[in-house]
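In the two complexes below, subunit A is the common chain; its partner is subunit B in one and subunit C in the other.
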Partner chain A sequence: MSERYPGYDVLAKRDSQSWNAQTRAVIDERLALDPEAHRFFNDVEWVTLLAVCARIVPQPAERARPVPIAGLIDAKLFEKRGDGYRDARLPPAPAAWRRALEALDAESQAGYGVRFHELQPLNQDDLLRAMQEGKTHHPAWGDMPAKVFFTKRLLHDIVTAYYSHPTAWNEIGFGGPAAPRGYVRMDFDRRDPWEAAEVHPGHEAEARRDNARVG
Partner chain B sequence: MKQKPVVTMPALDDAFGSPRALRGRAPDVFRAGGWVPMREYSADETVDFVIVGTGAGGGTLACKLAEYGFSVVALDAGPYWRPLEDFASDELHQSKLYWTDERIVDGENPLQLGSNNSGKSVGGSTVHFAMVSLRFRPEWFKARTLLGYGVDWPLDWREMWQYYRQVEQALKISGPLNYPWGPPRPRYPYRPHELNAAALVLAKGAEALGIAWTPTPLATISAPRGLAHPCVYRGMCVIGCATNAKQSVLVTWLPRALAAGAEIRDLAMVSRVEHDTAGLATGVHYFRQGRQHFQRARHVVVAGYSIETPRLLLNSASSRFPHGLANSSGLVGKNLMVQANQAVWGLMRQEIRSYKGPPSLAITEHWNYTDEGKDFFGGYSYMSQGPLPIVWAGTQASKRGLWGWRLLDQMEQYNHQVGLKIVGECLPQERNQVTLADERDPYGLPIPRVTYSYCDNDQRLIRHSLGFMRQALEVVGATEIWDETDDTCHLNGTARMGSTPESSVVNADCRSWDVRNLWICDGSVFPTVGGVNPSLTIQAIACRTADRIKALAARGEL
Partner chain C sequence: MKGRREAQQLNLSSALLALSVLADSAVEHYRGSFHNRAMYTPLAVAGLTLGASVLGTADRRPRSHGVRDSIYALAAVTGAAGLLYHGYNITKRPGGLSWLNLFYAAPVGAPAALLLAGLLGKGAERVRLPSSARRAAGRALATVSAVGIVGTVLETALLHFRGAYHNPAMVLPVSVPPVAATLLGAAACAPGRRVGRFARWWLKATALLGFAGVGFHAYGVSRNMGGWRNWSQNVLNGPPLPAPPSYTGLALAGLAALGMMERETGAEPMWGRSQCDARAH
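Let's look at the complex of A and B:
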């Protein structure tokens, strides 16, 4: 994947009119999350979860501080933050996650003789796809449909965690927090100077220059 | 030399800790740290009205009744926010505005609840609604007689037209000079908002296909009002407006309610409506500050929206009313209606950056007002869209099934994506319902089970809308067009109003047929939903109910 918004860093706006004190506090707390800490999952579940997150949202190897997706999910479950609904085919989120991670490992052991996190990425993807398509077989799933868990719980929790992070906003050129300043230019192909500049073929330097001025 | 103001960090979740509306004062929603005086009723005082819920129905009614001189206590399970100090510009953090208590969903099309349709705040879901403020098509009030589907309302559209006007004035709706559909309506109080690129895509598509469109009438101000400045196009409307441009119930009806002498109790979860041996309501039991309380009242109004309203009535079952309160018809909890919220998405060559501005700045109601060329009953509007990253990623993943590099590739196109999304009329069906589950919440109350399945007519409406919107994107040059086939918005029904006690839960005045001092005032009284967002109609009905209560009281018929 090429870099679409070269040099754009939404955090450069931290002390600008686009971020109020409330927003700074919330994002600071998110950035301070210890990526290794897990208070809900045990060590066995944790390594499996890390491996799942790495396949659902792969992050560039050169990224110095990857988004701590698993840590954000662990925090949500530990703090008992719900979504307001639960598909009747699934147990409550904490139990559903535990069972799914255990079943995924069991499925991996049965098929490949190793745990999920020890598999090659291609095989990991095969197993995740089997979940998505409802083609898992191991009895460890019990009465929980893997397909429903994958779509309604696993994907939801992982992408929500990833796209709550400023690093993900940089990747997609999202303006990020915007109170109290908001935006002024609303038309096609218009950006305010405090928005991400998109790279156009042969004009990478301009995009980098504009993004360096975002603040 | 100008001194930099010292910014003290507010405790963002302070409003959750303990109630704020206490000791004769309530939060001033227009000033950080501010207070306004609030009348307080003592524990053993019997008030004229106790209202459960302070959203579009309950909050509006609390204001009107207090202004008419009734003594009013309004309870809400949610916290009492001051938007200027409590709201961050952050999608994840602001999920604190949603009703996230566990609810079980099933049926052929299990609903997604919480974020897009259930609020838990003083001011209800209007604290995070998208502000789209539309009138019903007049014929919908007589859907069975005039259009051949659903049921008739016991309300007359001409009367409703007056109440719509009253609400549009109260919220200073920003809207177009002339509205393209339906009978003439008065001018909107404030001018329409500037259109963003996403809205212009809708406009171009509609023009190319030869149908009308308009800037959406919105409950966010386009000129200063009181202490609030105009909308700054921050685009985070559905996670709570941090500048008070949004005209939610929290910043419109409730300050008026307090000024008129109503008491509002935040963080107050009502568990049961009590009644006496004569079968009349006597008040409500509720939890607040870790204790159980009872508020006596001559009248009880339930305004908890389409899930909590039937849940409370069902949880109030007694030996006299074994099937729940106000339920001799057996219809409490039945006929739950959502609105179809399918979308067509595509990519534009130009940068759209739809995160700027209110999410739905342009609309067409063409298929609400045109009956020809349809193979289904009912109608739909469609609007331009501006999803924030978490919602957008959830759409790509859960609805489109993308993950891995394919997900990241699509997400990288975020600033070029454009979409059209319907608010589509779903028909009432008794099998779609709210019942009580075996599980209990931390208060020990049975949690709701919400069962939902589309009917054939709903599916035909959805197919028609997806086909039409696809054309509307193709014609403006969008590429990689795809259908989002599974989404719903809004909740209505479960305590419908009607003309007979056998066929409805309340009458046209929102008064229970069974318990004459029990009223229901929220979206659950809708017999049908139409193809527009319900909040304006809920508020209009609340204004009408207040007028009816005043008139009945004057005649000694309350």
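Let's look at the complex of A and C:
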């Protein structure tokens, strides 16, 4: 897929008027996350989580700084940062995640004789689809509805973790926190000079030039 | 030459209004990314008007200046065209003539300041002529200033309402200038020393308010997130710095008109038989 915002790097705004010390501190902390570190999940759960994340939001191999989705989820659970709400059919997030990853592995062992992360991607997708459709069978799921976990916990946590990262922002042309500088040209198809420029067919150079100046 | 001082004062009024239009349209049309080429027009015309007016304030000769007069005519026509165009901009948006579009589309009354700059400038050139030609000029100019102030008050009321009058000082420009405009209108209808004196005070207060308004608006910019350091957003998004001096320009014109009316009344007792008085009798 060709880039939609060629040459755009949201971090060019870091030291401009767009961000203040608080914004920089928050983003710096997110970027400093070690993608291999896991403090909440054990090693067994961790590799399963990595495999799940890679199937839900596959990332291009050539990315210089892939979004550490699993690491962001692990940090959130470890630091006990809740959403402030949850679907009552699920246990609290830490317990729900542990049980789901264990059950997914057990389901894989039962069906294919190997662990989830060792499966071929297509088979991983089959298991994830079974979860999504509520067609899992293993007793390890207990009374937790797999379907609800998939939509309300797994997708929610993976997608929000992905789009909390500057690499994902570059992909979608998002400007990061509007703190303190927001936007003043609010009409449709208008652009502030500190906003990502979308490429129009045949005009990649212009978009690239504008994106070099967003800082 | 009697009318010389008033003429120069009117040139100054025109200069202030032109400056306000130049700065305001530069900032706001830059914000609008000069999406339409016509958005450059007020910059060029207000720039010309400002130049002509500044030269006019230094011109002590008792005659009108052809180039200046033409520039003022151009300013008036441009202002009128701008009014129509801003009106069109509002109605073409989804929702048409709605509060939302009145608040956020092209400001409906802003181009009127250029129209007023043109009219007051025309007045400045006219009162330089021998007295026969400027006999009714004082009254006409008082009317233009009073109507101009009322229009500016309506624009201010709309936008300060949008700002929820969150600062009590935001009430000032919708309470002081209307009194000044009313007294000025009354003085135009029934020239008299007493009304004139009251009108003079309130016009002076209005003129001061125009200056103070820039300070208040600068404070408003500083109160937005990031303050002046975040100027590239807050100057555009905060209260418009160049808007309040319109009041000063119009109030100065009103003061000049008052001066002319007072002298005309003194010089020509028959002035009392104006249309207003005739209607009153």
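In this text, the second predicted complex is superposed on the first by the 215 of 215 C-alpha atoms of A that agree within 3 Å, B and C clash if a C-alpha of one lies under 4 Å from a C-alpha of the other, contacts with A are read in each partner's own complex, and residues count from 1 in each chain.
Assume a residue touches a chain if its C-beta (ideal position, glycine included) is under 8 Å from a C-beta of that chain, and two chains touch if they have at least 3 such contacts.
Not measured: the values here are computed from a predicted model.
In the three-chain model built by superposing on subunit A, subunit B clashes with subunit C. Residue contacts after overlaying the shared chain place A:G215 against neither subunit B nor subunit C.
When the shared chain is aligned, subunit B and subunit C each come close enough to touch A:N20.
In the superposition on chain A, contact of A:V184 is made with both subunit B and subunit C. Which of subunit B and subunit C touches more residues of subunit A is settled by the count: it is B. Touch criterion not met for A:G134: it reaches neither subunit B nor subunit C. Legend: residue contacts after superposition of the two complexes on their common chain; A:R81 is shown touching subunit B, with no touch to subunit C. Looking at the shared chain after the overlay, A:W194 reaches subunit C, while subunit B stays out of its contact range. Once the two complexes are overlaid on the shared chain, A:G142 sits clear of subunit B and of subunit C alike.
Residue contacts after overlaying the shared chain place A:E171 against subunit B, while subunit C stays out of touching range.
Of the candidate stretches 75-83, 201-209, 219-227 or 273-281 in subunit C, only 219-227 runs into subunit B once the two complexes are overlaid on chain A.
Common to the subunit B and subunit C interfaces on subunit A are residues 20, 179-186, 190-191.
Those residues of subunit A lying in contact with subunit B across their complex are 1, 4, 18-23, 25-27, 30, 55-58, 81-89, 92, 125, 128, 132, 151-152, 155-156, 158-160, 162-164, 168-169, 171-191, 195-196, 198.
Contacts from subunit A toward subunit C in the complex involve residues 17, 20, 179-186, 190-191, 193-194.
Across the complex, subunit B meets subunit A through its residues 7, 9-10, 12, 85-93, 95, 98-106, 110-115, 118, 194-197, 200, 231-236, 242-243, 348, 350-353, 355-357, 388-390, 392-394, 396-398, 401, 403-405, 407-409, 411-412, 414-415, 449-450. The touching residues of subunit C, counted against subunit A in their complex, run 31-33, 35, 104, 225-226, 229-233, 236-237.
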